[in-house]
Amino acid sequence: MANDRKLDGIHFMLPTPFDSNGEVDTASFNRLVGAARAASCTGVVTLGVMGESHRLTDAERGPVIDAVVAAAGDDLTVTVGTSAESGRALAARVRDAQSGGASAVMIAPAKMMKPNPPATYAYYAAAQEITEIPIVVQDLPEQTGVHFDPAFIGKLHSELPDAKYLKLEDPPTPQKITRVIESTSGTMGIFGGLGGAFLFEELRRGAIGTMTGFAYPEVLVAIHKYMASGDLERARTIFYKWLPLIRYENSAGIGLAIRKEIMKSRGFTTTADVRPPSPSIDDSTRAELKDLMNSMDLNVENL
Amino acid sequence: MANDRKLDGIHFMLPTPFDSNGEVDTASFNRLVGAARAASCTGVVTLGVMGESHRLTDAERGPVIDAVVAAAGDDLTVTVGTSAESGRALAARVRDAQSGGASAVMIAPAKMMKPNPPATYAYYAAAQEITEIPIVVQDLPEQTGVHFDPAFIGKLHSELPDAKYLKLEDPPTPQKITRVIESTSGTMGIFGGLGGAFLFEELRRGAIGTMTGFAYPEVLVAIHKYMASGDLERARTIFYKWLPLIRYENSAGIGLAIRKEIMKSRGFTTTADVRPPSPSIDDSTRAELKDLMNSMDLNVENL
Amino acid sequence: MANDRKLDGIHFMLPTPFDSNGEVDTASFNRLVGAARAASCTGVVTLGVMGESHRLTDAERGPVIDAVVAAAGDDLTVTVGTSAESGRALAARVRDAQSGGASAVMIAPAKMMKPNPPATYAYYAAAQEITEIPIVVQDLPEQTGVHFDPAFIGKLHSELPDAKYLKLEDPPTPQKITRVIESTSGTMGIFGGLGGAFLFEELRRGAIGTMTGFAYPEVLVAIHKYMASGDLERARTIFYKWLPLIRYENSAGIGLAIRKEIMKSRGFTTTADVRPPSPSIDDSTRAELKDLMNSMDLNVENL
Amino acid sequence: MANDRKLDGIHFMLPTPFDSNGEVDTASFNRLVGAARAASCTGVVTLGVMGESHRLTDAERGPVIDAVVAAAGDDLTVTVGTSAESGRALAARVRDAQSGGASAVMIAPAKMMKPNPPATYAYYAAAQEITEIPIVVQDLPEQTGVHFDPAFIGKLHSELPDAKYLKLEDPPTPQKITRVIESTSGTMGIFGGLGGAFLFEELRRGAIGTMTGFAYPEVLVAIHKYMASGDLERARTIFYKWLPLIRYENSAGIGLAIRKEIMKSRGFTTTADVRPPSPSIDDSTRAELKDLMNSMDLNVENL
């Protein structure tokens, strides 16, 4: 596995599990990471938006990293979200992630009231000064207010040696993949996002995988595998079959709570709790989800 | 058909077709409305966001209304979007729509920098002073910046006699349908939206139909029909089958261009052009769409 | 007066006056424009955001233009706001303004969900195809969501022959003036904004005037005059003296209502009404304003 | 001094000083707090937005609190900003502030994609479970996206015993003060904000003081003192005289950098550095500021 592409493939974006007192339940990470391993994922991602990293204190981050790295062992990569609101705070988080055993760091830009490419560049450069591991640039305009032009992504990629990967959350993602491939001459590894809703198109346009928290990562792995082997129609069939659930998990606002509900039902976590004010699931949604899951043939044994 | 529920069912949200000079192509409305009729829609909606109404001049509105009303005849309702940035401008548009033969008016709130429920109420009240036809309150926070609390919707519905319907675009829509039914004691007719992406759940939660521009309205009609007759599983099967395309049409930013491309391919319009700066489709997306359509069994004869 | 700089100086940004029925009160434009003349303004601006142009119907625009042009005669320029949500709608408004006798058109960009410089450029180019009069590019990010980079402004200015002027509302304006002067080699005429709150700094940095609705335009004219003649300290003294009112007129949200109140008190208009949902003034604010005006020496005879 | 109003008066909102390596310069807090004491402020506020708290790591917070509390001694109150993105993270910060010797905590709401008053209420309730000191509710919609209705503020105030104070940053502040006084029967202590730009009006409408970072806090103290003693005209004269600088410090985007520049020039801090990506000052602005300061009679001895 070439070092500069060691992240190729499907990454399971981990939620942060909580116990019934609302504390981080580090013990559950073993099962969550185990699910990624069982699904043949390349790795896991922790402390992203889906991991409710903004709801955590800094003190809670270290134990999460430790638990995930320990569970990942040597066979799974661990990408750690280290986004912050200043280059200096980012550098501190990158340093902690790196010394904690991270395989890569995922970095969304600091929020900006106005576009300021030089300031955003300097923020990423502050990470580059620390990193000895790859940087996954996270393109997340809805949360950050920062819009990445493909040319700017190309500049980050060509000037910052560790900025080898891009995680796309700027819809429509298939089209942007094509544009970023052009602006980076195809040398940047691009991950899709959006909960996998466009995974087929993303991979077909040249994405190297995805980083997302869809609760059945083995499905995404299967799609990726068949795409890689040239069996597009088999990949497509699986993708289409799972779209009803992919879509439902993407329910605006409560998608995280829905995912956690499924993960709990699969035995990955002990509770399905989110940390307020993350919106929680209500009974009608829980029933709707159960009905949806019942209606699908959720047999993931023979994808 | 009871007067206060004459809109129950599926409404085809019409795009505004343009000719190769960029002028409104009123002639194409005949075919567009004909498609709604052939699909057994309850009616059509014109001059909404999907109709690029904000890209048109006021002078272009009248001919559109005339063409649509003429094409709709007696068997299809015509709901006309009349949203404006003041109650007075709204009233003028409502008056024009009404005298032009509209069956109902659809009204999104005036944009607000800050929440101001009394101002938003007054805006709707300005329409009520004019209307002799139903008002479809449009809940469209992403475009307007105005968030409707279910209690506020209930107030509009109970105090403004014509505010009989709600068109929901505030995700997650299934959950909000449940809440609005509670806040209106189930007396307000609620339409889903979001391109039909949650149609099954919306109808199951009590929506009376949807108003959306999905390019195969007959699919939505079939789903609605089977739901109404209690054959949920048949409705579900159709819904799941069509989700790949429903999803693709919802591609952020270029969804309208994709829809127009399909409608042109179905012979509903002469061109697929959007009016700039509405984003247009590129070749890679056109190819991707064609591939998607080929892969689906787009036989809509025997739904 | 050289043709490409005929707009140099202070422009009175006109409100749209309404009568007690809420109709546009075209008769009052005579007095409003007369106030600009009496103040020795270069010209007036009509149908901008301050003129509540988004609250008007298209049908109301023509009579406003006619009234203002008639009142302006040969000695005052008339800049007409023609911003729209499409290049085509913009072109229609530019055509109307031009044939109605406008001296220039002021154009803010169409709203964008995402940055799209080519689309914004095309929008301005659609105006250029029509214009035989200068274009005042309006930099108004808070309202439009479009952020202009100085390099983009430079491109508009160098490639579109009529894009001779810039109206700045992107704070901090003094600093941006310096940057735009650099990006345009000083050949673009820049007007300040922000209600005059930074007029002294704007002029000192190279602005050629301002376009704003401060209710005492003669004050701005005096500041401009003394700056132009090199008497900075006299300009500064006047500016500082009037800052309490300039600031108060800039009260977020209700600034327009406050201005209209003052203009009515000065006899410029018959009512101080705004068109809902523009926020109106309340009694406590009216009293506060009166107190402020009483406290200042509002003698504008000998500036 | 009654316990429930011990915060009445003017509070100096402290910046976070940095040394030339970009580290927090805790030593400078002595001088900053000393300036507040010399100005006869009631207290100081630390770790607010102006303190760039979002640019700091959690590890940097403790030393800041310690330094400020030590410098404040017994004669100045210390209000500590503890805003967070979850009730749990908030509680941790409140606990730290309280055990560190804070007199009060200032809390802005967690960011919300959509209005969710119950979630915002629960967030404040999480602080109330910890506090034995007053809570200053911070109304900061531009940063948080959360708009506080006066009725909601009244509910927080009446149901959470420590929610005794409000810090207003929702313009226009004078008008909102009047509305909040009505919704709380005048029992909530309201602080103005906006850099003091409406201090005269805020106090006159019933504000008990202000919490702001204007670099000459003695000016605000003098205005407050004369207002309190009934000498409105003397207060007004001082206020108007200082408006040019108050305004300039409020320059959008770079206001913080300007303030830090002045504070350094007054000897309060060793550097004027901000932490990137906070925008820094440029030479032209520094010159403009120096000119402004020279032009004003900055003698603060005999206010």
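As written, the chain order gives the labels A, B, C and D, with residue 1 at the start of each chain.
To be clear about the criterion, a contact is a pair of C-beta atoms (placed from the backbone, for glycine too) under 8 Å apart; a residue touches a chain by one contact, two chains touch by 3 or more.
Note that the structure is predicted; figures quoted are calculated from it, not measured.
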When A-D and B-D are ranked by contacting C-beta pairs, first comes A-D
Note whether the interface between chain C and chain D is symmetric in residue numbering, meaning over half of all numbers used appear on both sides, and answer same or different.
same
Nearest whole angstrom, what separates the Cα centre of chain B from the Cα centre of chain D?
47
Provide the C-alpha centroid distance between chain C and chain D, rounded to the nearest whole angstrom.
34
Centroid distance [mean C-alpha coordinates] between chain D and chain A, Å
38
If you look at chain B, which of its residues touch at least two other chains?
114, 253
So, in the complex, the side of chain B touching chain A is made of residues 171-172, 174-175, 178, 197-198, 201, 204-205, 233, 236, 239-240, 243-244, 247, 251-254, 282, 284-285, 288, 295
Per the contact definition, I'd like the list of chain D residues that touch chain B in the complex.
114-115, 141, 147, 149
Residue set of chain C touching chain B in the complex reads 22, 52, 54-59, 84-89, 92-93, 110, 112-114, 116, 119-120, 122-123, 126, 253, 275-279
